Each structure stands twice: as structure tokens, then as C-alpha cells.
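Quick heads-up: structures coming right below.
In what follows, subunit A forms one complex with subunit B and a second complex with subunit C.
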Partner chain A sequence: MRHSTRISVGPVRFRVGSDWREPVAALERLYASYPQDDARPADATVRLFAARPWRRWLRPSVHIGGDFVVPDALPLPLAMGLLAAEMGMNLQVALGWRRHMLLHASAVARDGRAVIMSGESGSGKSTLAALLGEGDWRLMGDEFTLIEPASGDALAFPRAVSLKNEAIAEMAGRVDAARLGPLLAGTPKGDIRHLIPRPEAVAAMHEPARPALLLFPRFGGEVAIEPMGEGEAFVRLTEASTNYIALGEPGFAALTRLVRETPAFGISYPDSAAGMALVEQLWAEAAQ
Partner chain B sequence: MGEKSYRAAPADTLRIEALGELTAIFDRRSMQTHLVVAPMPEILAAMDEGIHTAATIAGRLATDFELEAEGEAVPVIIERLAELAAMGLVAEA
Partner chain C sequence: MSAAQTLVDLFAGRRDAATLATGEWEGVTGVARTEAMLATLSHQLEGADLPPPVAALFADQRVAAKVAQDQALWEAEMARRALAPEGIEFVLLKGTAYAAAGLSCSSGRQIGDLDILVLASDIRRAENELLEAGWEWVKSDPYDDHYYREHMHELPPLIHKARDRMIDVHHTILPKTHRITPDALALVSDAATTASGFAILNPEDMACHCAAHMLADGDLQGGLRNLWDFNCLTRDFAAADAGFWSKLDARAGLHGLRAAVHRAARLARDLYGAELQAGWDRRDAGDFWYRHRLLARDDWGRSTNFVLQQAFYIRSHWLRMPPRMLAGHLWTKWRKR
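What follows is the complex of A and B.
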């Protein structure tokens, strides 16, 4: 790899190598304020490499490689190198991480207690977390939340937020342009633009938070709150976890504890403002 | 139809956690998680060491839960035991 950088996001340290300078330069800008720990070896390696050496010059395309090879990771045009790097980092964590239970969920925290929001792509969990993170919440992560099996604590994974489509305009109106990455238009996931989390969220990325609420958001439809039983929350979170099976009994124990100790709700909301209001309402009720 | 006999999983192989209406069972041998509803956990709880049939289990459940008409429970328990055996949570004896 001709160009490389190291990035620490929460407990994970990445090495990202690339045949091209642009994706590495873009990553270095997005992660410039993140704490560095140069003495620590990387936990995961992401490589963006030319499909064939000569293709670097003819028709550049980016392939993702690393400690794990995922056959259906699409080759992307060079302009999408930043997205490829993000996908590579996600894959490395999703497939390779064993120290914590990994939930495909966003999370925000206040006073050392966390709201964990799990949902499919399009559920609005990422946008909701990003918007709350601009208020008086600490953004823990827009995509992954880690659960420490021994303590049951939630750990942050505050990578640069991946804003998609409508969320880009919604956020761009609220934040300093210096916190936004380049617009990646027309990717396989639509338009994408990265948002650098607030400095407080980055500075606090190693501070655990106690899970206080489990939410399963659904964007669209009337405002609704449905209390969810422990069993259903358990099933949904096994589906939302990328490494539940690999963790074995510690994962089973962590998940049963999480759903027993944390009130869970399905929420529906027609727009972000209503979603944020629901989170605040349930938070206030949970605190009583 | 001849009634089958079953044996419970060896002690310490199953970790059983009630989660409201669902019960999650972790099998340490297969590392698999099974999700079951009543009367599966009750059947497993009624099986101590030794050989059991649907009739002996129905008798125990009748005592524990003051079940009336325990004979009607037997066909249901026969089916559930076959399902538990398919999941590997009990074994045919």
C-alpha cells in the first residue's frame, strides 16, 4: 500500500492502506481530532487496492480487502474511495470484533446513561442519533454500539456519521461546514456526506455508559410508542448483532441481562422532530 | 403408537433464562440459542435424571400446576417432546 493512516474509533484501532492518496487524505481530515495512540498496533486492517496494477491508470476502481474478505463488497469507482474505506472499516468491525457484543445500533448518552436505537437501514436511527448529538446528548455512534460482556456497559463507536440523502440537507443547515466531508453523490447507497462528531463526543469516546433505554425506531407513520417485552427485544437484538453467535455464552449472558435491565420500546414517527421528542419523553419517563 | 422415552440433557449443558413470555435456552454443547414458549420450559423443568415419557411428565405437571384432566395433556406433551428432541434439548432414551 503506497498510502496509509491509522484511526482509533472507540476501542477499535484501524490501519487503512490505499493505492491512492485521496481516500487516505479524506479520512485523515475526518478523523484529525480523534485521539491517537501510535504505540498501539492496529486491531483491523482495511486495504483499498487496485483491481489490477495497470488498472490504477486506465480505469481506477477500488476493491476492499483486509483481514476478512467479503465477496459481495462491490468494487467502487475511485471517487468513492472514502465510502469504500468506511465500508471496509464497518466490515472489519462487524466480522472480526470479539471483545464486545456488537449491535447494529446508534446510541446517545446523557449523564453516563445510554439510549440505544436499533433498526434497519432507513429506520432513521442514524439521523436521530446525529440530531440528538447536536443537542445536549453525547453521540456515541450512528451505526454500531458495543456492549461490554462483563459489565453490561455500552461503549461508543463514534465514527464519522454517514449522512444519507435527505439527512444531508437536514444536518448541513445546523452545523459548521468544516465538520462536513465531501459530498459523495450517487453511491450504491445514494448520496452520502460524512459529519465529524462534536469534539466532546470524540473526547469522551472511551467513557462507557449504562444502557438506560432500548428503542426500535421506525421512520414514517403516526407517532406511536409500543412497549416491547424482553423476549421480543432479545430476538431483535440477536438479529441486530453481527457477532452474537461468535461470542457464545458470554454473548447470551450479556444480551439476556441487557433486555432484562433495560426498558424497550418500538417507536414510530413521521419526522425527525417528532422522533427526538419521543426520545426525550421516554427518557424522562425512564428516569422516574 | 408406542410411547417414546426421553432423557434430559446432562446437568450444566443448558442455560435457561426466562424473558417474559419467551424463554431463551443456550445449549453449551452446540453453542446454539433456542427460543421457546410454554410448555417447553415447564417440560424441561419436570425432567430430572432418568427416563421420562409423556405420561410421567404429564403426571408431574399435573401436580405442579394443579392440572385437571392430565390425560388430555399427554398428546400435546408427546408432540412437544419430539420438538425438544429435534432441537437437541432432550434425547430419546
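What follows is the complex of A and C.
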């Protein structure tokens, strides 16, 4: 394709091709500090393309393609090309990756042990992970957490964090502006701005962590902690996994082990500070 | 050298995997994925000298394909449990049949839907039994439903409500309106049986169906994979039975598929290096277009050669139905856009 780049996030290496320079340039800026491994062929391909040649210039709209394609996915305007690239990368991982069990969950780690947070969009799992990642936690990822079937370890997928709506202002006050991507206003998912993880998190992206806590956050409402049984955690995580069924028996074994060995809690919190305090509290209790 | 060409060269053994550069691997991986052949390639190159990341990716594919194949065979077992008690016999077709029989082309082969063949006289009963066992109609569109039932060689696709897997129930192997009418009764009555007790087509019919599916019933979408199936099937059957090629020729004649089967054999020779016998090893000027259509992908896995693709698309419809009917069909489809 006309423009292209390679990006390695966690165990996955992407090849991203585009009909336009802008999305590639934006990706290269966000991922400039990530390890470059030019001798390594990509595992997955993302294509950002114009459906018709003239749509490259005339009301340019970015279609998302690649190894795996979602039929009828709507294109995005070129100004949201970075979001298109992010969606394309997520799609290839969600549909194509088989080495690990994928959980749609954020994660942070400390001392080689991980807190995995799974929830629907809007649960605050990304924001909580990003905020904790600015403290004395290592951000493992805001979107996917990978479980290695053989060892049961959690592996990081620290892509640029996708901050949404209120979370943008909350983070912008805390981090160096150089770590923020451009503001993508009015996307189908609201306002979006990407946050480059701290260099330590990127440097440690290949280091596994032992799952120590499974949290199912819910933003809004009074502070509450509900211990969750293995069965419920299991069912929720099957729903949060994009490749649980495709992995077959090893997936079942990995997930069973995860919920048996890891204490799980549903948590509700009215604001980020309360959410972070809950994570610290449960972490301290789990360590005892 | 295009990535698609490199891919078939790897399959044919014309290219040593150890000589591929980083960028070539990316192209080959991308094209193989788009052609649903990455796991097949992973098997073909198992033990080859590969860059470690490629070897790791290929190992993933082999494991995943094994799981997917077990799941596909389980679907066949589910169909058996739904149909056998009612005395409805069925023959497994395509990917599931290859896997059930443990044929070499099944290594890493992606299997989509479960395809089965039943006698035309059993098709209504088969549909009822499947509906009772939890399969449901997918197409709700009355025109499509009517079209399938009147003109196609299979029922409208059914999907299982709990397992979310599709079954295609065929009563023959080409649309009823197709210019060619294979002998469906012979396909069923001369079927073979696997060690696991499933009926599959006999070797000659299996090769005929593979060629018909690739060359007579579509626009060659996914053709590289079908051609690899054909290549492996004929190679293995010929190795086991010296008379295979002449039996295949006779059987193809019975089904009206001699041209398709011979072309498939020539394409397997040209792309995958198949060795053909006298009588098969000919040249045909028309093959040029088929080879180009099969390799019409760029290094990013995108289709190329739009005009050629459209030509094959139109050809597939032209073969499938008479002109008046084709006009009516396209008119209805266009109005519903």
C-alpha cells in the first residue's frame, strides 16, 4: 500500500498499510518509543483504504480491512484515521490471535502480579488502569489482557491507551502533553485521545505477571465490593473473551484455572479516586 | 515476484522457505490468511527452516486448526444423531469429509460449514429432523428462500441455535439450473465409508466434486485452497491406486464434469507442480485466465484485476442458470439493493 508501518505491541507485530499518510504518521508518533524489530515479519495485517479511488481526496473516508474483516463496518472520516487504525488492530487481535486466551480486560501489575479488570465499555476499566499506571503500577493494557494457556500467566498488550470523554481531561491534568495523541472529537465512541504508556510499561511489555485479582468494575453508584463466585467469574470471562471458543479445551482449562486461583470481586465506585482506593484495598487484602 | 506466486511456490516446493526475506513472509502470511490457507501452509512447512516468529505463528495455526477440526467433526456427529435414527443416510462433503477420512489435504484445512449430501427424496425429511434437533433457518428473505428451494442444489442454510454452526444440506453438487447435471444418485449409492462410520464420496467422485465446486460453481473465490485440495486428493488417490486417473476420467464423464476435472488437473500441475499422466498432461490456452484469476492478490492480500474477477463472476452465473432466468434473478436482486 501507499503508506505503511510496523508496530509491535506485546506479542503481536502488526503491519499497517494505508492509502493516506496521516494515519500512519499519527501511529508512528504514538508508537515511536515501542521496540523496533525490523527483522521480524508481522503476524497481522491492517489495511486502511478508500472504497473508491476518488474517495482518497473527495470526502475521504477510511475503510478498515486486513486479514480479518467485519462485513458492513462503517468507514470513518480521515480525521479519525487513528481511531480506524486502532479499531483495525483490535479486530485482527480479537479475531486472529490464537497463542493466548484473549480477555477484553485492562490490567496493571506490581511485583510480578496482575490485577485484571473486565467490564463493558463505560465501566471505567480503561480509565482505572490508566490512572493506576501513572502511580506505582505497571500498565499492562487498557483493552486486552492475554492469558497464556500453559502457564496461566497474564501477558501485557500495552497499546496506546484510548481515553474517552471525561477521562481525557482527568488524564490531561496529570501527564506530560507529549504523551497525548491528537484529540479525536465526536467519534462514534465519543471524544477520544490516546495516551502513550510510561516507558517502563513499554519496556516491560514482554514480562508475564501472575494473575492476583479479578475485578469487574462498574462506574457509578456507592462504593461497594461484592465477592464473586468462580462460576459467575467464569461465565463473565467467557463473554469477555474473543477466542475462548476457538481455543477449545486448552481455553476451558486456562479459564477454569484462572477463576479457581484468582479471587474475584465486583466493585462499584462513584469516582476514579474511590475506584483506585478500592483496587489498593483489595490488593492489600489479597496479599495477606 | 508476487506474494501469491511465492505462496504457491512454497506449496509446490519450488521455493525454499529459508530463502524468504522478512517482507516476503509478511506478504505470504497475509495472502495465505486471505485465502484461508495459513494453517495448511503451516503444516506444509512444518519442520522447515523458518524465522522463529514465523515458526511460532505457524505453530499457533496448527493447534488452532486441530481444535477447529475437532469442532467440525463434532458437528458431523450432531447431524448423524439427528438423522440416523430416522433412517436418513447422508454423505459428508468437502472439508468435513476430508477430515473424517484423515486425508492429507485436511491437515490445517479450514472448515466452514458442515456440508452433507442426502438423496433428493429424503431432503424434506432431513430438513424436518434438523429443525427438530435445534437448527434454524438463516435466510428470512422469501425470494432467497424460494430461490434456494426451486433452483439450488441445497436447502437454504440452517444454523444451530445453540452451537451457532451452519449446515448446508445438498441433494446434488451443482445447482438444478446448471448446464451440467451430475448423477446425484450415483454419488450417494457409490459412496465410501470412513473408519469412524461416516459416508463420504468415493475417491473419483470426491475429486469430481472438488473440481466442480472450484470451476463450475463459482467465481474462483477461494480457488487456491480448492485447487490444493484437488492436488492432494488426486496425488494420494493415484499413489494408492494405479488406475485412479483413468477411473477419474470415466467418472467425470458420467457426471458431465470431464472439462472441469481436466482443467483442475492442469491447474494443479501449473501451480502446485502436480505430475500428470499422458492424456491429462495437455496445454489449453484458456488456462491462462484461470491461473491469473487464482493469483489475483497483491502483497497486502487485496484482490487485484477487477475486470478479470468480474468476468469470472459473470461466468459463474452464466453457467448456473439460463439467460432468461439470470436476467430475472439479477433484476430481483438489484431491486432489493
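The rule is simple: the second predicted complex is superposed on the first by the 287 of 288 C-alpha atoms of A that agree within 3 Å, B and C clash if a C-alpha of one lies under 4 Å from a C-alpha of the other, contacts with A are read in each partner's own complex, and residues count from 1 in each chain.
Definition applied: a contact is a pair of C-beta atoms (placed from the backbone, for glycine too) under 8 Å apart; a residue touches a chain by one contact, two chains touch by 3 or more.
None of the values given here were measured: they were computed from a predicted structure.
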More subunit A residues in contact - subunit B or subunit C: C
First, second, both or neither for A:D43, with subunit B first and subunit C second: second
Touching partner for A:G122 - first (subunit B), second (subunit C), both, neither: neither
Which superposed partner A:E249 touches (first subunit B, second subunit C, both, neither): both
Subunit B versus subunit C as contact partner of A:P227, first or second or both or neither: neither
Touching partner for A:P188 - first (subunit B), second (subunit C), both, neither: neither
Contacts on subunit A seen with subunit B and repeated with subunit C across the two complexes: 248-249
Subunit A - residues contacting subunit B, complex: 229-232, 234-235, 238, 244-245, 248-249, 252-253, 256, 259-260
Of all residues in subunit C, those that touch subunit A in their complex: 22-23, 25-26, 29-30, 33-34, 51, 53-54, 56-57, 60-61, 63-64, 67-68, 70-71, 300-302
List of subunit B residues in touch with subunit A within their complex: 15, 17, 19-24, 26, 28, 31, 33, 35
Residues of subunit A touching subunit C in the complex: 1, 13, 15, 17, 38-43, 45, 47, 49, 65-68, 96-99, 246-250
